[in-house]
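Structure provided below as C-alpha cells; questions to follow.
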Amino acid sequence: MTFQVYYRKWRPQRFRELAGQQHVSATLQQAVQLGRVAHSLLFCGPRGTGKTSTARVLAKAVNCLEPEDGDPCNECARCQAVNEGRFMDLIELDAASNRGIDEIRNIRDRVNLAAAEGSYKVYIIDEAHMLTEHASNAFLKTLEEPPAHAIFILCTTDPQKILPTIISRCQRFDFRRLTSDAIMERLRMIQAEEGVDVSTEALQSLAHSAGGSLRDAENLLEQLVVSYGSSIGVNEVHELLGLGQGERALDLIRYLLLGNTSAALSAINRAAWDGADLRQLHREAVNLLRGVLLLQYGSRDSLDFPQETIRELEDVAPKASAARVIKSLKLLGEVNMRHDTSSPLHLELAVVEACMDEAPAEAPAKAEAAQPNPPRPSPAVQPAARTTPNQAPNTPATGERRAGDAGTRAISRPSPTAPGSQPARVRESGNSPPPSSEHTLPREANGPVPSSTPGNPGPGDSFQEQWGTLVKTLSRYKGKRFNIGALLRDCKNQDVEGETLVLTFAHRSHLERMQEELDDPQGMKTVNEALLKSLGASYRLRLSLAEGNGGGNPPATAQSPLVRAALSMGARIMEEREQ
Amino acid sequence: MWQVRGHDPLLRQLDKSIKEGRYAHSYLLVGPPQVGKGTLAINMAQAVNCLSPEQAPCGQCSQCRRIASTQHADVLVIGVGRGEDDGPSRKEIGIGDVREIERQASLNPYEGSHRVFIFDGAERMSEEAANALLKTLEEPPPQVMIILLTSQEGALLPTILSRCRRLELKPLPFSEIAKELVETHSMDREDAEMLARLSLGCPGWAISAAGDPSIMEKRKEELERISELSVSGLEERFSYASDLGSLFYKDRDGARDILRLWLRWWRDLLLIKEGAEEYIHNVDWSDVLRLRAAELSTAQVVAFIKVILTTLEALDHNANARLALEVMALSLPGERTGG
Amino acid sequence: MKLSCLQENLSRGLATVGRAVATRTTLPITQNVLLSTDRSMLKLSATNLEIAITTWIGAMVEEEGSITVPARLLTEFVASLPSERIDVSMAPGSKSLSLTCSRSEAHVNGTDVDEFPPIPTVESGLAAKIDPQAFKTAISQVVFAAATEESRPVLTGVKLELEGGKFTMAAADGFRLAVHNGELLEPVGEPINIILPARTLSEVNRLLGEQDTPVEMTMIPSKGQVLFRLNSIEIVSQLIQGTFPNYSQLIPQSYQTRSVTDLQELLRAARTASIFARDGSGIIRLQIMPGSDDQSESDEGQRSGKVVISARAEEMGDNQGEVDTFIEGDESKIAFNSKYLLEVLSVLERGEVVLETTTPSSPGVFRPIRGEKKWRERGVEERKPDETYVHVVMPMFVQWS
C-alpha cells in the first residue's frame, strides 16, 4: 500500500465512524436497517463535513451481504469491492464534468438497467450545484420515480444553486460544520494511531482553525507532523497558521483609532516586510476593533480576549470616538483579502479611508460636552491652550492634516480633574523631568509656545502638527541604516526642557537605533535641519527610555472605574500620587 | 539540488517527505508572482522522478534534465499562457484541460515514475474546471502528483484548498535577493539593492531583470507614461486605454502587469501623502512621485486606486477590456483640458 | 542522413504510425513523426504518450541519421507523390529534411530527436505468443463492451490475464460484460494481469490485418507498459492504473431457461425491433416460449419453441417478430437495451447462440455454439455452449403486461 494522506487514509468506513453528523448517520443507519432508504437523497454541507464519505458508507450499507445493525461489515466481497474502488454498482460522477443534458440523459437512459454486482446501483453525484438547468430538468423525472434498484445521492456545498424542483424531490440531509470538540475527538484518534504527540492546546487551536471542516483539520495535522515531527505544541500550530499577531494588530488599531495614519501604515508595512500573514493581521485587527466597540458600549463581559489585551483595549476605547470605531470597523471589515494576499494595499486603503474625511472637529466619544473649543480629533483636551499662529513652513499639500500624528497621544495630559493646575509630567515620559509651562518652545517668529501644553486647535500649528511634519519630512530620509522618520514614529513622548528636546522611546532597541543614526554626523545634520524647519527652532536632543515596558500602557490609576469614567469624559491624568 | 532560493525550512520539509515517500498527492503552492513557485514545482516533479533518489532532485539525470527542459512526457504545465502571435490569449483553464489530465492520470507514467500536473495560475480555472478537478485532486491514481500554483489563494474554491497540502512561499528579504544578485550575477551593490527592492522579494523578477536590461527599460517607459498621463489631456488618455486594451487581447498577463504598475504607482502616491514614504515601491521615482502627490488630495488618490482595483477585477471577469480601461482613463484625476 | 526508399513503402509506413500521432497539443512535438535509419531500414515512430507505434521499411541507407518532422505535412506530401523512388537527405547539422521524388522536391523543417519523447523499449520481460487471428477474434468480441466515458477510467480498459497456456480478455461498462477465453501458443512462465486501454487493442486489431505469424506480447508490469510485436510493427501501450472489477462474480452460475437459436435469424429480428425501439427508450423485449404440449419433450427436458421479439415506439407503433428456438427449462421474459443486444449478436460470428435467462430482473447470458450444424440436427451434447466466450447483459426493468 502506498502512502496516503490522512484524509484518505482515515476516511470513515462505517456510520459510527462518521464524526459530528450523528443526526444524519443515525437516520440513515436506521433507514438501512428498516430497508427504507430513500431513492433520491441530497447531502448539503460545507467542505470536509463528510458528505462523500457518508454517501459511500451508505452505498456499502445497502449492498452489504452481512450488515451489522445497518452498518456495513467492510468484510464481504461487495464492501471490499467498494473500499477498493472497483464496485460496479457504485457510480461516482462529478456534476461538473457531467453537467450537460447529454450526460444526464445518458444516466437516465441507463437507470432502468439492473445492478450488476450488488442489490442497488448507487449514483453519487458530487458538486451537484454544477448541473445546468436543462440537465437538472432532464433529471427531475428520474429523481421523482427512480427504479427500485437505484439510489441517487446528490452532494453539494452550495444548495442555493440547485433547482428547488430537484431539492423537493430529494430527502435532504444537512451536514453541519463540525464542532471543535468533534474535530478534536477525531484528531485524537488519528494522532494516537499515527503515533504522534500533539498537545491538547495545540489540538484545540488546530480544531478551531479548521472552520468546521474535518478534512482541513486532518490536512493541518498532517502538515504539522510533516513540518515539525511527531511532537507538536501550540507554538508549532501558531507558526504554521500564522497566528499570534495580537501585538501587531493592537498597534495597528491603536494608531488607526487615534487617527495616526502614518503610524498605522507603518505598522501594516512592517508586518508585511516581516513576512507576517496579513490576512491574519486583518482578522485580528477586526476582532480587536469589535472589542473596542463593545467596550465603548459597556459590554466588557462579552469580550473574549486575554486580560492583557482587554487592558490595552480599555486604554484605547475612551480615546477614540464611537463614530471612528464604527467607521474603522466597517471599512476594515469590508476589506477583502481574497486576492493578492501578500499585498498590504487593501489594508492601507481601509486605514487611510478610516482616517480620512473625519471632520477635524471630531472628538473622542462623549467628549464634546466637556470641550469648549472646537474639538480636535486629538485626545488631548486643552483647557489652557495657546495658539502659535504661524504654519509650519514646509507642510506639503496635505496641510489639512488631521491631528493625531505620532506623538499626539502622549504629549501632555493636563486634566481639569487633576488637583494641581501645573501640568505635571506624564508618567510614561519616564526619566525626563516634568515639563512646565515655563519650558516654552522658543520660536523665531513668535512668542514662546508651551511645548507640554501644545496648542489648541488651530489647524497645523500645534506642537503635534509640527512634530507630525517633522516625522513626515524625515520619513523621506534614510539614515545610515534606518529611516529616521520611522524611528521617530516610535518615539512615544516628546518633551521640551529648555533648549533640549527629550525624546522618549518605549523600546530600548528603538532608542539605540536612533542613537546610532544621531551618531552619524550626516544624520545629526539632517535631523537638526528638519527640526529647524518644522519646529522653527534648534534644539539639543536627548534620548530617554520610558519606564517599565511599553510606554503605551495606561497608568495603574486608569484601572479605577472612577478615573476611567473621568477619562472617558475627556479628562487627562496629570499625575499619580502614592497615597 | 533544490534550485529555489530561500525558503529553507519549507525545502527541508519537502525534501524529507519526498525521500521518506510521505509526500502528498496534491499540493498548493501559494506566493506572489515570481517568488519561485514555478521553479519549486518543477523541482518537485524532478524530485519524484529523479533517478538518484538520494540526491533528488539531482538535476543531472536524464529525467531531471528532460523535466527542466519541459520535454518530459509525464510533467505537464497547464496555464493560460500567451496567445499565438495574432490570436487572443486563453482566458482561463477550462474543463477540457481538466478532462485531458484526468485521462492522462489514469495511465501509467510514460517515461518517468510519476505523472506531475502543474496548474500555473490555478485561480484561472473556470468554476466548471475547478469543480471537475475535485475528484482527481482528492483521490488521484497512484503515481500522480498535482501541484496548483497561485498568487491569489482566496480566489480558489474552499473545496480545492481543503484537498491540498499547502506550502507558502513568502517574499524573500531584500537583502537576500541583493546578495544573490551580487554574488551570482556580479551586479554592483547599489543596483542589486534597487532591483531587490523593486522585486518585492520575488527573486524570479530580480534575476530576470538583472539578466535582461530591457525589463528595467520597459518599466521606465511604462512609469514615464503613467506619470505623464497624470497631467495629460483626455485624448492621450483614451489612446493609452485603447493600446492597453489591444495588449490585453493578446497578452492578458502583460496587460495585467502594467495595471499592477499603475496600482503600485498610486499606492506610492498614497503613502507619500500619508507620511509613510519609506514604504513606497518605486523608490527611484520618489522625486516625481512627490511632485505628483502634491497636486492631488488624499481623497483623489484613494478614489483612483479603487478605480484601478475595479478595472483589474473587471478584466478578471472577462469584461469588455477596452471599455473598462477607458472608464479608468476617464477617472484619472488631474486632467489638463486641451492638453 | 541520406537514403532512398519507395514511395509506396514510405506512404504505408507513415499511415501505420499515423494512428499514434498526437492530435492534442499538450506536448507539441508529439505531432511529429520520428525518422531514423536502422541498419538497412528506415524506422518510423510516433507516440501520443498513450500508444507508440514503430514500423520499419526497406531503404537504401547511405548515411545514418535521425530527425523528427511534422507528421501530417510529411504524410500528406508523400501520399501525393507518384509511386516512384524517393530520395531523402539531410545535411549534417541541419534540421531540414529534403525529399526528392520524380520531379518533385520538398524541404521539411524538423526538430531534434532529443526533444522527442523516448519511444519505450521493452527489452526483457514476460513474453507470450498468440495466434494472430485468434487474438483478433478475442479483441473484437470484447473491446466494444468497455466503457467510453471516463468517469471510471478502469472501465475504459480491457483486462488481460495470462496464466499457463491460456489467456482471458474481459471488458465491462457496468451494464454488460464480455469475457473471451483463448489459448496461448506457448505457456507463460508466470501469470500476467494487466489493464490495457481499449484503444490499444483496437489498433492492434487493425494493424494485425491478415498477418499469420504469431503476435508477440512482452510486458514489464512494473514499468506499466506492454509491447506487441507484429510483422515489422511494434506497438507499445501504457497500461491503465487501478483495480478491475471482479468480473467472474458477475457471471450467473445458473439459469432457469436456456434457449438455442440461429444467430442470423435472431439478429435479423432484433434489428427489425430496434427500429421501433429507437423511439422507445431502446427497449427490446424477448419472450422465450416453449412450443405447445403436443410437441414431444425430448430428453432432459429440452423442446422446441420460439422467441418473440418485440418493441414499441410511443405513439408511433410497435413491431413483433418470432424466431424458432430450442428451449431447456420454463417460459421466460427479459428486456434488453437494443444497442447492447445488437452489439453482442454482431460479434458472435456465425452459427448459433445460446441465451440463458432466469428472471426478468436477472442478467441474460449469451454464449456461442460453434460449428455448422443447425440446432435441430444436434444431439444434446452438441448443444452445449462454447466456453470461449461469455457475454452478460443487464436486463431493463419494464412493465410486462
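Letters are used for the chains, namely A, B and C, taken in the order the chains are written, and counting of residues starts over at 1 for each.
In this text, a residue touches a chain if its C-beta (ideal position, glycine included) is under 8 Å from a C-beta of that chain, and two chains touch if they have at least 3 such contacts.
Note that the structure is predicted; figures quoted are calculated from it, not measured.
Closest to the middle of the protein, by Cα centroid, lies chain B. Among all pairs of chains, A-B has the largest number of C-beta pairs in contact.
Inter-chain spacing, taken between the CA centroids of subunit A and subunit B, is 26 Å. Measuring from the averaged C-alpha position of subunit A to that of subunit C gives a distance of 61 Å. Computed centre separation for the pair subunit B/subunit C is 47 angstrom, with centres defined by C-alpha atoms.
In subunit C, the positions touching at least two other chains are 154, 242. Counting only residues that touch two or more partner chains, subunit A has 92, 94, 97. Residue positions of subunit B with contacts to 2 or more other chains are 99, 102, 142. Within the complex formed with subunit B, the subunit A residues making contact are 2-3, 5, 7-8, 46-48, 92, 94-97, 99, 126-127, 130, 157, 213, 215-216, 219, 222-223, 226-227, 261-262, 265-266, 269, 275, 279, 336-343, 345, 348-349, 352-353, 356-357, 396-398, 405, 468, 471-472, 475-476, 478, 483, 485-486.
Note for the complex: subunit B touches subunit A at residues 9, 13, 16-17, 21-26, 30-32, 95, 98-99, 102, 127-132, 134-135, 138-139, 142, 151-155, 158-159, 161-166, 170-171, 263, 267, 270-271, 273-279, 286, 290, 293-299, 302, 305-306.
Residues 24, 26-27, 29-30, 47, 49-50, 114-115, 117-118, 120, 150, 153-154, 156, 197, 223-225, 238-242 of subunit C are the ones that touch subunit B when the two sit in their complex.
The touching residues of subunit B, when paired with subunit C in their complex, are 69, 71, 73, 76, 99-100, 102-111, 141-143. Put simply, subunit A touches subunit C in their complex at residues 77, 81, 84-89, 91-94, 97-98, 103, 106, 109-110, 112-117, 147-149.
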